[in-house]
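Sending over a structure as structure tokens; questions will come in a sec.
Note that the chains take the letters A, B, C and D in the order they are written out, and that residue 1 is the start of every chain.
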Amino acid sequence: MLGVLRGMGITLKNFLASYVLPRRPDSLETGGIVTVQYPEERLPEKENFRNFPFLVFDGTVDNIRCVSCDICAKECPPKCIYIVRDTDSEGKPLKRPKVFDIDFTVCMNCGICEEACPFDAIFMDHEFEIGGPERQKSLVYHRDDLLKSTAHFQKIRPTDFAAIEERRKKDAEKKAAAQATVQAAAQPKPQTPPSPQP
Amino acid sequence: MDPIFVNSKKALLNLFSAFLPDWTVVLVSIFISIGAIMVLGPFTMMYLTWFERKLLGRIQNRIGPNRVGIFGLLQPIADGVKMLTKEDIVPEGADKAVHLLAPIAIVIPSLLVFSVLPFGRNMTAVNLNIGVLFFLAVSATTTLSIFMGAWASRNKFSLLGGMRSVAQLVSYEVPMVLSVVPVILAAGSLSTVDLVESQGGWNGFKWFVFTPWGFTAFITFYLSGVAECNRTPFDIPEGESEIVAGFHTEYSGMKFALWYMAEFMNVFTVSGLTAVLFLGGWQGAPGLPSWAWFFIKTYALVFVMMWFRGTLPRLRVDQLMGLAWKFLLPLTLVNIFVAGLWFFIPDLRWRVGTAVALLGLTFWALMALNRTALPEKRTYEFAE
Amino acid sequence: MNPAEIKTKLESEFPGIPIQIVGEGLLLGPEDLVRVARFLKESGEFKMNYLSSITAVDYLEHLESVYHLYSVDQRTGPVVLRVRVPRDNPRIPSLVHLFRSAEFQEREAYDMMGIRYEGHPDLRRIFMWEGFEGYPLRKDYLPENEDVLEWDDVEWLERHGVTVPAEYKQYAQDLKAAGKEARAERPKPGAEAV
Amino acid sequence: MSPPVLEKTFQASDPVLQDTETFEVNLGPQHPSTHGVFRMNVKLEGETIVSLKPVMGYLHRNHEQIAENMSYLGSMPYTDRLDYFNSMSNNFGYALAVERLAKIDVPERAQYVRVIMAELTRLVNHVSVIGFLLNDLGAFFTPVLYAFREREKILDVFEEVAGSRMMCNYLRFGGVKRDLTPAVTERIKKIVRGFPKFLDEFEGLLTRNEILCIRCQKVGVLPYDLAVNAGITGPMARASGVNYDLRKVDRYSIYDRFKFKIPLGKIGDVYDRYLVRILEMRESLKILEQALKEIPAGPVMNPKFAALAKAPRNFKPPKGEAYGRVEAPKGELGFYLVSDGTAQPWRYHVRAPSLINLTVLEDLCLGHKVADAVIILGSIDIVLGELDH
């Protein structure tokens, strides 16, 4: 009997506390209502939260970082990425994707594409409300759906953005220095127009 | 405030008697009472579902329904619309006629028992001189409906649920009836109205619950009542984790809603009867109207039933039977004897002492006899 | 305890028993498995009373069943036992009567690799359905090609009132006639065994 | 020790059972308390179970073959989906096996982070499983929601650290994916400090509750001998008194540095399994406290293998085999890997505790009621993702 009464006391305590204590879903304290009224209220977004991937461009949409090297497509565990390299009018392959499809019905949000990408071109987004009225077509995202600016990346993950930018700057400096030494060693040649940002 | 319902009915009847013959006025009076019950029953059921969901939500640190209407008050109506528009699925092998009849048949007794509940002073629909007996007898027929539904579904889970339900309801009928006996002894009447009236005075201290035998009978009656309503911790006929949904596994749509309606109306009527028998019914401090007292007491008991649901796991079928036959039945029998002694012994101190001693002794003896079924203490080693 | 020591102990217990050390494990013949396992379990020295894992490996030229034995009382282990059997007739005596833990794991190995554990009380497929053909974890298993309508699919569709175009039906019938191997062409695994 | 009896069924000549007919019920695959798509083929005499055959495979997705066609790192997110309540433990087991195979060292701080995550996972698993057990017992969602209230706090930490609440994919060969920030460490400390209070409340609600006691005591008794013989591991074995916890036996990772004890039950019924889990949570909290106090600064990834994450296809462990096992919350989780020197494992086998702990289900349920079968299954603690791999 006593055990039952004690249990009932605890539930009664929780019942009363739900009226007395403020609603605090994100608190570490026990007691009070923990519900988050979802569409109106949201928990603060965690910076490291990962959901579906997106492609980054620098500045303008033409300036995609992706060079369509196909590494992410190969490393993707469920194989949900499909890439076709773009070609110019003469059929010469360009360093950017013509088709970059991700099937979000298959994607399992593991983040291995982000880790594997050597060009910092693909990152995991915070956007998770992608539900649609049908199961197949609206969840296959194409290149233009996936493109988002670096500013977006900076907004959702400032820490990672800062670290990556710093690394990229260093790499670029190193590269420039290396190029300079190469150029200094060799005779300066007429420069070819720079290809899109690697 | 107190006679507001009574007076309004009277006014209505006066209005009719002005231009109608007398015998139609009687008919109108009956229809008004029936109409009131027909509205009250389903309305109670609808808002009890809301109340239960809200209460369980609060117990579980949730809010409960709050989207439809303010505080989710329109939720039961939305549910009703949903239930009405849902597809009605009847299994292929089912006995279709009985499958249809069972949920209808279960609502009728649940509504009938409303007629003998005294909702307030002079607010009993039918002042039957065997009111309590009527209540117990009519509510006992729910067993049949439940078994009809279980059998007609032709589903093994339903059948298991039905068999559990019959076993349980029949067993708990016995302590339930026996725990009413002392109250009837004290009041000398089977009419619910007389029962309430015999508990008047002393500002509440003449309620039967304040006597030792009354208290024991209150507990046993209430527990049996909870079992009769198939509520946690005695909800084995439904047993949603074991036998899916028990007897109403194969019901959908409005038929399913009818099962629920019956269950919640039973919750209300059993709580109401408990209040009538032991808590003085509509008797209470004069500040509030009598019907308010009745509803306060009834809803307090309903609250406890829902609180049980929010706290307790359910018993197993054999333990449930054990509780009824090995514990409640002997206790209620002794209780009748104690109540008899109570009226036999004139001195107050002596009769309280005897009653408490006898009941305590019985309780202790029953605990000792049932000790194999009681929990044991465990110790645990801690290894490196 | 390293494998070499166990090997000498076992050899002194069962004279003339062929035991080889492969990796960390002892390679036994299928006929010796039960008596060695019983000895390891019951001898006071080893007390290997806990069979942690049974699995099977397909090494292309043979199938191998691998047993990891531990001792709960002495907290030693593992003793790894290996049994190699030919691919076309893989039969290994079951250990269920010594270790109940073998019950589901042997069923699993049977389901996935097709090793028959003789003496198992209930050797059925555990994960795949009854009537499933082939053993999915063998390296030569050819998975069903999802893009091709097979005869079973045609039958299913017709049962559900879908008309299948005649050319698909013909193709499915041809496939059925040609047998399972015709269904999909996949390169044989080029990797070598350990 | 005599060999345990396999076919322990009631005899038809048993006087109790004469003149009655057995009655066959399929509990599952769609059933509220089979914890997924799992089926128990039950024969009943009245409500008493005379035979019970588990049927599984409804969630089988050939995990092992997927892993054999995948780079080593590519299987890491798939291990999350084995026992989807404890992805960190699964990651841990797999990382341990691969590290043993490729002989990779793990830096100090990463070891601590791993232990912290594994123990938090244990808390998550045990509170939820007790909640579900109570749901099976018929308590209407209150314990499970109290448990989930606390679980949310820990899952928030996982989200903060690993990026995902349940599918963490956090461990890497030679370390972990991301370092703990001081804010997160502080948060974990707070959770660890607040957890005993919750456990007290939870125990107040449950442990001495008479209904729970009489439902759980002497139900589904697993004797010591059978537990060892059937390879039962985890809290289930320890409830039967088997003193076998891999954290103490193998002392993998850095578990030898912490002071904690292994609670052992004596009878091995459902109640012992329940209470051993509670006591284990209290011990886990001790480990967490020590780990959080002692955690050193430093890298969280072995620098030699940090580049590996960038190109998983280049990770080719030497030829050989390894069996790595950890004490996952459900029992011994083992990964058996055979490498042929390429980037894909030649053989990848999971020793799933859920599957092997289920071996004794029939023995535990015989002679009990249907309602007991449900709670026995609940106390075994299976997750179908792992069981059916």
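Side notes on the structure shown:
Just so it is clear, contacts are C-beta pairs under 8 Å (C-beta built on N, C-alpha and C of every residue); 3 or more make two chains touch, one makes a residue touch a chain.
Note that the structure is predicted; figures quoted are calculated from it, not measured.
Following the contact convention of this document, no chain is adjacent to both chain C and chain D.
Distance from the centre of chain C peaks at B, each centre being the average of the chain's Cα atoms.
The most centrally placed chain, judged by C-alpha centroids, is D.
The greater number of contacting C-beta pairs, out of the two interfaces A-B and B-D, is seen for B-D.
Mean C-alpha positions place chain A and chain B at a centre distance of 57 Å. Averaged C-alpha coordinates give centres for chain B and chain D that are 43 Å from one another. The mean-CA centres of chain B and chain C are about 60 angstrom from one another, to the nearest whole unit. Distance between chain A and chain D, defined via averaged C-alpha coordinates, is recorded as 31 Å. Shared contact sites, meaning residues of chain B that touch two or more other chains, fall at 59-62, 310-312, 375. Listed for chain D are residues 142, 146, 149, 205, 208-213, 243, each touching two or more other chains. Contact of a single residue of chain C with at least two other chains is seen at no position. Chain pairs that touch one another, listed by label: A-B, A-D, B-D, C-D. Note for the complex: chain D touches chain B at residues 23, 25, 31-33, 47, 134-142, 145-146, 149, 205, 208-215, 217, 241, 243, 248, 261-267, 271-272, 275-276, 279, 369-372, 374.
Of all the residues in chain A, the ones that touch chain B in their complex are 3-4, 7-8, 10-12, 14-15, 18-19, 31-35, 37.
Residues 23-24, 49-53, 55, 57-58, 66, 68, 72, 75, 78, 80, 96-101, 103-105, 108, 112, 121, 125-129, 136-137, 191-194 of chain C are the ones that touch chain D when the two sit in their complex. Residues of chain D that touch chain A in their complex: 70-71, 73-78, 80-81, 142, 146, 149-150, 152-153, 156, 159-164, 167, 169, 177-178, 187, 190-191, 194, 197-198, 201, 204-213, 309-313.
Contact residues on chain B toward chain A in their complex (touch as defined above): 55, 58-63, 307-308, 310-312, 375.
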